[in-house]
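Both complexes below contain chain A, partnered by chain B and then by chain C.
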Partner chain A sequence: MNKTDVMNKADVMKKADVMKKAIYPILVGLLVVAAPFLMDAFRLNLLAKYLCFAIVALGIGLAWGQGGMLTLGQGVFFGLGGYSMAMYLKLQEGGLPDFMVWSGVEKLPALWTPFANPVFALATAILGPMLLATLLGLLVFRQRVRGAYFAILTQALAAALVILLVGQQGLTGGTNGMTNFYDLFAWDLAEDSTQRGLYFVVAVVLALLYLGARQLVRSRYGRLLVAVRDGEDRVRFLGYDPATVKTVTFAISAGMAGLAGALFVPVVGIISPALLGVVPSLELVVAVAVGGRYALAGAVLGAVVMGYAKTAFSEQFADGWLYLQGALFILVMTLAPKGIMGVIKRARTA
Partner chain B sequence: MEAFVNQLPIGLSIGAVLLLIALGLTFTFGQMGVINMAHGEFIMAGAYTAFLLPGLFVPSLVVAFFVAGAMGLVLERLAIRHFYGRPLDTLLLTWGVSLVLQQLARDLFGAPNVQVKAPDWLAGGIGILPYNRLFIMGLAIASVVGVWLYLVRTKHGRRMRAVMQNRRLAATSGIDTGRVDMLTFFIGSGLAGIAGVALTLVGPVGPSLGTYYIVDAFLVVVAGGLGQLRGAVLAAAGLGLLNSYAEFWSDASLAKVIVFAAVIAFLQFRPQGLFTVRSRALS
Partner chain C sequence: MLELRDIQVDFDGFKALGGVDLTVAEGELRFLIGPNGAGKTTLIDVITGLTRPTSGTVGFDGHDLVGRKEHHIVRLGVGRTFQTAVVFEELTVLENLDLAASFRKPLWSLMRQRKGVTEAVEEALSRTGLEELAERSAGVLSHGQRQWLEIGMLLAQRPRLLLLDEPVAGMSREERERTGELLTGIARDHTVIVVEHDMEFLRRYASQVTVLHEGKVLTEGSVDQVRADPRVQEVYLGRRASDAVGTGS
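For the complex of A and B:
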């Protein structure tokens, strides 16, 4: 066998590999485009909702799977995004928001006024969470607070935010949150066509963020991030600053969650403290674990699969879901810590 | 000034409850690196034990200790011991367990809260100090003294400290670390059961009772330092007081945010918590 033969063989292998690798993205892309024609408006709306969660999950996959930062407070960032968007939608109707009238607020609070501007609202939805995450990240990571400590702190933040939102009834709508949104940029939110459009927007945003995140992971920065996950002190000895690396990733994942929240509100039509507390935040982390935390695709897959599982099972037997969900975590954590993606990978290589 | 004095027993009794809960957590976390989210459900189990034994308040403290302790033991043996060295995974695993236990409580006792009748001798109080809150503080102090005696005076306690300081070295010296882990988990979970009984004195009992306290109790552990008795006592008292005064001076909804900010600020000076075991190990 001469040298060119070997080269050709390698080339052929590469081509087959590329083909093989391209199959899944193409398949997923086709499914996403075909979905509106395959399901009714209700199911499509559900899918759009799961895709919103998938955006948050992508951020968790980045921070936890790649960076080793177990964040149990993504609901906080999701909520900031969601509430910013909801405030804009409420102000667009003109007049005082309905819940303010009910709780006896007479004048629009100053905090609310800038949210009449859609650009401001959307920017706040993304930049607000990023800013908060940066602040928290710098304060925490610089002091080398990490691992379980970090997880506990993020969880405490989620718990605190929920209590704050519930307590400030006149500003936030309290326990009920905000609902009854009618228009988004003059499109009627009750129309099927608007919802179909929103679905595509969410899908495209998710796809772009996924590609961006994948590019990030494959870059030099991504390698540094994984290195920080696997041996923070060693990275420090090499002259890098792990705190900065982690803070940047944490901020990106927070921005994703914020954007997801902003998309979630027009899709689902409600934002309330129950959607962003300790439990929903943890549920998404578990979804990422089920899908496979070490692969970004696993995070997305997990969010969609768990979303469907939750809806399907709670439709059938309401109480059974909690047992099933609990049992599922226990099984996944004990038997398949790398999640669905881990199982697929093992099946492929075996 | 009067308000300040009035808030004091409330803050201290919140601290006492947090301490009872955090005592178990700080040792399971410090010794085994396990973040046990199901700890809150052991509190709930203790509270329901008191509910099932009406009129037997003091015996229910003992029974609750063993009920919750046994639950912890089963959890440790069946699941957690396979997860040592993976703290973040234990968090998710035990959260699954906590979901199942909450639903189980809902199916067994119903979703609405139940009330446990406090014994008559705890009615009333001395001046601004209600007896029930005094009793909770006394219970916390007794538990701390008990744990301290156990740690420094018994051979099991000595082994526990050895494992906490250096697991491998302890194992090499002939200590059966698996047994020590079991015992630690049993005692830690049992203390949660006692905390549950104490909670019946100040509020109703429901399936999600534990979730209200678990986050704050973990903050106590973080602020006090892992596996540190002194740290847990001081941090619990501090957070309890801060909670009650923040609620009083601002409003209830801002209190948790203030507490959170205070903990973050505190970690700027003491990232490892109040007290730490000094070691030359890097991480």
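For the complex of A and C:
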């Protein structure tokens, strides 16, 4: 064999490798593009909703799967994003929002006024959660709060936000939250074409965030994050401050959840405390565990699969879902701690 | 370069260190010996910020290290290994070394993908002889290889003062020999403190020795001086120091 032969062979192998690796993204891409032609408007809207959850799950995959931060309060960030967007949509209609009229509020609260600007609303939806996560992270991680303590703290935060939102009826719509959104910019939200467009927007946002997150995981910082997850105390002796490393990822995951919340509102048409409290926050963590927390694709997959499973089950047995979900979680944690992705990987290498 | 003054450490009333003074000059290779529980690891923990002393000062290059955070002390140029080598098993050998070498880079610049191998990492790989294993995950390394990887990570950080806690414990004869050579090489251009008991190892590679006993410095001097010291022999249970010192862990 001469030199060019060897190189050609290596080249061919590389190409085969690339092909093999590209096959799943291409398949997924085709499915995403084909979805509007394969399902009716109702089902497509459901898929768009699951993809919003998948964005939150992606953040959980980063924070928990890669960084070891079990965050049970992503609903907080999702909620901040959702309410920011909802405020914009309400103000866009002109006049005082309906729920304020019902609760006897006569003048638009000052807190609301800047949300008439869509750029401000969207920026707040993303940067607000990131800022909150940064402050929380610096405060908590510096004190070396971690593991179960961190989990409980984030959960308490979700519970607290719900209480705050419910209590401020005139400002937030209370328990009912906000609904009855009619337009997004010039588009009628009730139109199928608008919803189809929104579906694509959500899909593209998810794809871009996924690619970005994957780059991050593969970077030095990503390796550092895994090192912090597996040996935070050892990392200090490499000269890094684990608190900073964790805070950055926590903030990124919060930003993702915020953006997901902002997309969720025009897609689903409602935001309320019930959508961002302890239970929905927990449900997404379960979804990530089921999909496989150590792989970013597992987090996304888990959110979509569990979204469908929930819808399918709730249509038939109203309360059964909660128990089934719990059982599934325990089953995965004991039998396949790496979730569906772990099972797939094992099957492929076996 | 390193100057410890009257270091005391109390663990809930138990005095692990009871007033230790220690001075190490630039370029020195200092061995720290003493029976199990003498406080050797605790002393290293104090220098590196893992344990805060009840009283005393740790002077390093004009800084007092007491009360500083671990990663700040590393940034001043003090690096350490652990008695049970701790490496990141999910990462490859190369990634472990690369992380160790990159700690002075700003965090945002770490977010770019690693391209190639830096000089410091290259050097650490060749000095520890781990080139062949560079792409393997650190989880598959043998006990000896882990110790070398940890020493390599330390080297990749380019510290000014290296603290090695029992680097040859549990190693085979052959591995000890390689570690000894590695250590001699490192000592040529670094200041090093090594915790070690193995007498043969001491005889071959040590010059200056500090003996710690029950949280206090018992004596200090050359290997021969220390071995001849009756107090040292007594500490090691009255047996001949040359044998007894070798049985500690």
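Keep this in mind: the second predicted complex is superposed on the first by the 337 of 350 C-alpha atoms of A that agree within 3 Å, B and C clash if a C-alpha of one lies under 4 Å from a C-alpha of the other, contacts with A are read in each partner's own complex, and residues count from 1 in each chain.
Just so it is clear, a residue touches a chain if its C-beta (ideal position, glycine included) is under 8 Å from a C-beta of that chain, and two chains touch if they have at least 3 such contacts.
For clarity, every value in this text was computed on a predicted model and none was experimentally measured.
Colleague: May I ask you to decide whether A:Pro109 touches chain B, chain C, both, or neither, giving the answer as first, second, both or neither?
Modeller: After superposition on chain A, A:Pro109 lies in contact with neither partner.
Colleague: Just checking: does A:Gly95 make contact with chain B only, chain C only, both, or neither of them? Give me first, second, both or neither.
Modeller: A:Gly95 sits against neither chain B nor chain C.
Colleague: So in the superposed three-chain picture, is A:Leu216 touching just chain B, just chain C, both, or none of them (first/second/both/neither)?
Modeller: second
Colleague: Using the superposition described at the top, determine whether chain B or chain C touches more residues of chain A.
Modeller: Higher number of touched chain A residues: B.
Colleague: Contacts for A:Gly239 in the overlay, against chain B (first) and chain C (second): which applies, first, second, both or neither?
Modeller: second
Colleague: Once chain A of both complexes is superposed, is A:Pro25 in touch with chain B (first), chain C (second), both, or neither?
Modeller: After superposition on chain A, A:Pro25 lies in contact with neither partner.
Colleague: Which residues of chain C touch chain A once you look at their complex with the stated criterion?
Modeller: Residues 48, 69-71, 74-75, 79-80, 82, 86, 88-91, 95, 98-100, 102-105, 107, 110-114, 153, 157.
Colleague: Give every residue of chain A touching chain B within the complex, in rising order.
Modeller: Those residues of chain A that touch chain B are 70, 136, 139-140, 143-145, 147-149, 151-153, 155-157, 159-161, 163-168, 232-233, 278, 282, 285-286, 289, 319, 322-323, 325-330, 333-334, 337.
Colleague: So in the complex, the part of chain A that touches chain C is made up of which residues?
Modeller: Checking each residue of chain A against chain C gives 215-216, 218-221, 223-224, 226-227, 230-231, 234, 236-241, 244-245, 248.
Colleague: Considering the complex alone, what residue numbers of chain B touch chain A?
Modeller: Those residues of chain B that touch chain A are 29, 33, 35, 79, 82-83, 86-89, 91-93, 95-100, 102-103, 106-107, 211, 215-216, 218-219, 221-222, 251-257, 259-260, 263-264, 267-268, 271, 282-283.
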